[in-house]
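Got a structure here, written out as structure tokens. Questions coming.
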Amino acid sequence: MSVLEVKALSVSIGRAELVKDLSFSVNEGQWLMICGPNGAGKSTLLNAITGGYAYSGTVLYKGESLKKLSPKKRAAELGILAQNHYVGYEFTVEEVVALGRYAHSKNVLGGMSDEDERHINEALSLTGLNELRNHSVLTLSGGELQRTFLAQVIAQNPKLLLLDEPTNHLDLIYQKQVFELIEKWLEVPGRAVISVVHDLSLARAFGTDALLMDKGRLLSSGDVKKVLSPENLNSVYGMDVGKWMRTMLSQWT
Amino acid sequence: MNRKTGKIRFYEFLIFILISFAVICLCVSVGSVAIPLKDTVRAIFSAITGAKEEGLAYPIIVSRRLPRVICVALTGASLSLAGAAMQGLLKNPLADGSTLGVSSGASLGAVIAIAFGISFPSLPFAGTMVMAVVFAFLSLLLILGLAYKLDCSFSTNTIVLIGVIFSMFVSSAMSIIITFSADKLQSITFWTMGSLQNASYKNSLILLGAFIVCGGILFSRARELNAFAIGEDNARHIGVNVRRTKLVILISVSVLIGVCVSIGGTIGFVGLVTPHMVRMLVGPNHGRLLPASAFGGAVFLCLADLVARILLNPLELPIGVVTSIVGAVVFIFIFYRSRKGGR
Amino acid sequence: MKTRRLIALLLCLCMAAALFVGCGKKEAAVSDSGSADTKNEEKAPDNKNDKTSSEDNKADASSGDDTPSDTASSDEKPGDGAEATPSDLQIILPASSSDLQTLVPEGAFTIVDMTGREIVLNGPAKKIVALTASDCEIIYALGAGDLLVGRGEYCDYPAEVMNVPSVQSGYDTNIEQIIALSPDVLVMSTMAQTEEQIKQLESAGIKVVVSDAQNIEGVYTAIKLLGLLTGKSEEAKKIISDMTTTFTDAIFASEGDGTKSIYFEISPLQWGLWAAGAGTFMDEICNMLGYNNAFADVQGWGEVSEEQVLARNPDYIVTISMYYGEGPTPVEEIASRAGWSGVSAVANGRILNLQNNELSRPAPRLAEGAKLLVEFLNK
């Protein structure tokens, strides 16, 4: 069943049209990788879906227009992990993660239910942040900060996860952990993931589907192996991507 | 501290209340005229029981010092609460009614009300107050609009820049109004200097009302403020209705600042200093920061007022002078630290 | 990066500077705002400008005609006023004016203004701009109002003065406007005016005369000075003798015995209480009439603690608040203040509202103010 359906989506900021006439859909259990070179409009696309930018066209979540959902309701269904994080104040890791439960709480004063606590603890241990839970976010490394916000979005417990460069700043070990973690997260029925990835190998390894963009336009979409074919990639990146990857890999043999 | 739930614990609350109460007692019992503690207590007691008391203690303590201290405490609490909320909302520890120029905007409104005799027949003093609140809100909108046009975020430089520009604009606007209403010159100039000498139980009641309503609204938005303090994008991502929440917070802040300015004039830096100090104590979580700031502001302004009252006895210093001297030092400290922090 | 940091530091300093200037301004605003016309009295009475000491002052109080000659002749008649004079009358007597002028070579003469500057005039001034309200009043009192071609913006007495073109005075004195009025002489006070302004005016060919009355004797000096300037020395003598007579009458009429106190209120509670302390005209007249100023320990004008007013329990209150015709009158407002009912002056209804600067402006009407005050005190 289709979780998210995007039809003829265009995003303009000022005079620049960053995303042009884009259509695709994501079904339950799918992991859609959005690929493309810098400036292809990948992050803009994610931001538009989550309400950060005004757009034309329709975005349907489970058949319902996303614009009609209240911010809280939308957040309960759609979780987004942004690319850059800057926190101005000395919040603790746990405080940041706990905010993920905002969309689910009915208590105006911010009391935590047992279920909230359970989700927070689960997210913290999934991301390996249990020991850092009382640390100030200002003292964290870039990777730890990234994991903190990943934990926040996991605590948010959405049905659809939108990740903008989830392994940005992350060490190899955490790249692996994060992708395995998301893969596991996706096993629960009814869930889907959309992520922007630069690393084409990761995209091929973990994605079920892919979306190849260039200069705001959709080049190809569908099965990840078909979309990220040598021909497509060569035309987008202007180089023999497969050959480059094999050269890189040969360093290890 | 119970940092997990972000709520203030009962014993913490109790400590704040006790400290505030102790400071208020101190401020009531010490003043320009020395009145023995025994007489002070008796005067207050007779005020409660309704017995008429002879002598100096009753008029000085009950009629003058007590309402003034209450007004000062409520003004401090309100301004500091407004400052804390703005610093969270704009994600910048330098944001405050006085640094952004909202207080100046509010006083411009009040001066216009005085100069053009704007008043509402049913409410004798409401003219200046309503205009102050309206202008506080309009200045906030203008300031935010300018800042977004400048750099889409509230970096420290933007805030300092906008504050300077807007304050200059307001002071020239004020000069123009004063030029055109020479007959009200005296009222206007004295008004702009501000004074809490005019404090009365009625003013206390107005302040208390504004504090309870707007403070309540702000307290109930503590989690949204946390989200804004982490980042406006993050707030949107976790499901905060960004536009509406912002509007509600800005209106509450405007009302608090407007009411305070119309009663006590512009008192700078309370909203900057206290939340900053308090944040170092209880952390940035607004569930604790907001109530702690309110108490801290009350305590800070009461002490500043005490200094203003007794330092040059029998003369009085304007309270703004005391807060500005402390505030300037803290302002530079925060500015320096935030620059060092690599923004 | 370094430059950015430098800019930040500079900005910081600017802010701090602005702040402290702001604080300073606040105080400046006080003096500015009260009303520009009463600026002089804010200063402590330092008599450095008053070269006359009371010892020179040997004239007889009773004979107005014998007041020291202030016209062209500089010789004094020491024997004339040798009779015993009540010591408290001395201060109200005109001072010798030998230093005010010197000689008269064919119309031209030199006068010495109240800061000791010598000004050579080719004859009595024909066109005058006066920046302070008190000087305007004196000029009108001398009957020389038609010589005024410009006035400071705060000059408001007598009513005719309002028809004279107004110019901006104080720190922002509009020099261009003054030059455009092409007066021979500009009269200003020391308060809020600068040396720079004098230089600019003089280079434009305008003679600048500074009046600077800090006490009643200074007012006499100012009247004589302006009398000389306008060629109305006889009138000046008359005014001074009238003032002395009024003051003398007031002193004799006063029932003050040095036990009762008066609180002079400059600004009402709403804007913060300001009281007139030592070195003000109110203080001088209060002492002259045999009363104590409740805030004699305050220098000039000052924002005082309300508690102090209650504790000092003045027998009389004199307020100079303006009344715009709406709400309670200043007297009603004082009487209705919470906690003030026990103050002797309030309990006995002894509150006076003087709205026309009678007691705050260094002008001939000070004597009238003293008379009004005595009438009120004797009630």
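Order of writing sets the labels: A, B and C. Residues in every chain begin at 1.
Criterion: a residue touches a chain if its C-beta (ideal position, glycine included) is under 8 Å from a C-beta of that chain, and two chains touch if they have at least 3 such contacts.
Nothing here was measured: the structure is a model prediction, and the numbers come from that model.
Chemist: In terms of CA centroid distance, which chain is the most far removed from chain C?
Modeler: A
Chemist: Please find which chain has its CA centre nearest to the centre of all protein CA atoms in view.
Modeler: Of all chains shown, the one whose C-alpha centroid lies nearest the global centroid is B.
Chemist: Provide the C-alpha centroid distance between chain B and chain C, rounded to the nearest whole angstrom.
Modeler: Computed value for the inter-centroid distance: 39 Å.
Chemist: Report, in whole Å, the distance between the mean C-alpha point of chain A and the mean C-alpha point of chain B.
Modeler: Computed from C-alpha means, the inter-chain centre distance equals 42 Å.
Chemist: Please work out the Cα centroid separation of chain A and chain C, and write it as a whole number of Å.
Modeler: Result: the chain centres lie 77 Å from each other.
Chemist: Would you tell me which residues of chain B are touching chain C in their complex?
Modeler: Touch list, chain B to chain C: 31-33, 56, 58-60, 62-65, 67, 124, 157, 160, 164, 182-187, 189-193, 195, 197-198, 200-201, 309, 313-318, 320-321, 324-325, 328, 331-332, 335-336, 339.
Chemist: Which chain C residues qualify as touching chain B in the complex?
Modeler: Residues in contact with chain B: 5, 8, 11-12, 15-16, 18-20, 22-23, 26, 29-30, 32-35, 153, 267, 269-273, 295, 297-298, 302-308, 310-311, 322, 324, 327, 338-342.
Chemist: Within the complex, which stretch of chain A touches chain B?
Modeler: 50-52, 70-76, 79-80, 82, 85-92, 94-96, 98-100, 102-103, 105, 108-112, 134, 149, 152-153, 156
Chemist: Report the residues of chain B in contact with chain A in the complex, numbered from low to high.
Modeler: Residues 3-7, 91-93, 219-220, 222-223, 226-227, 229-231, 233-234, 236-242, 279, 283-285, 287 of chain B touch chain A in their complex.
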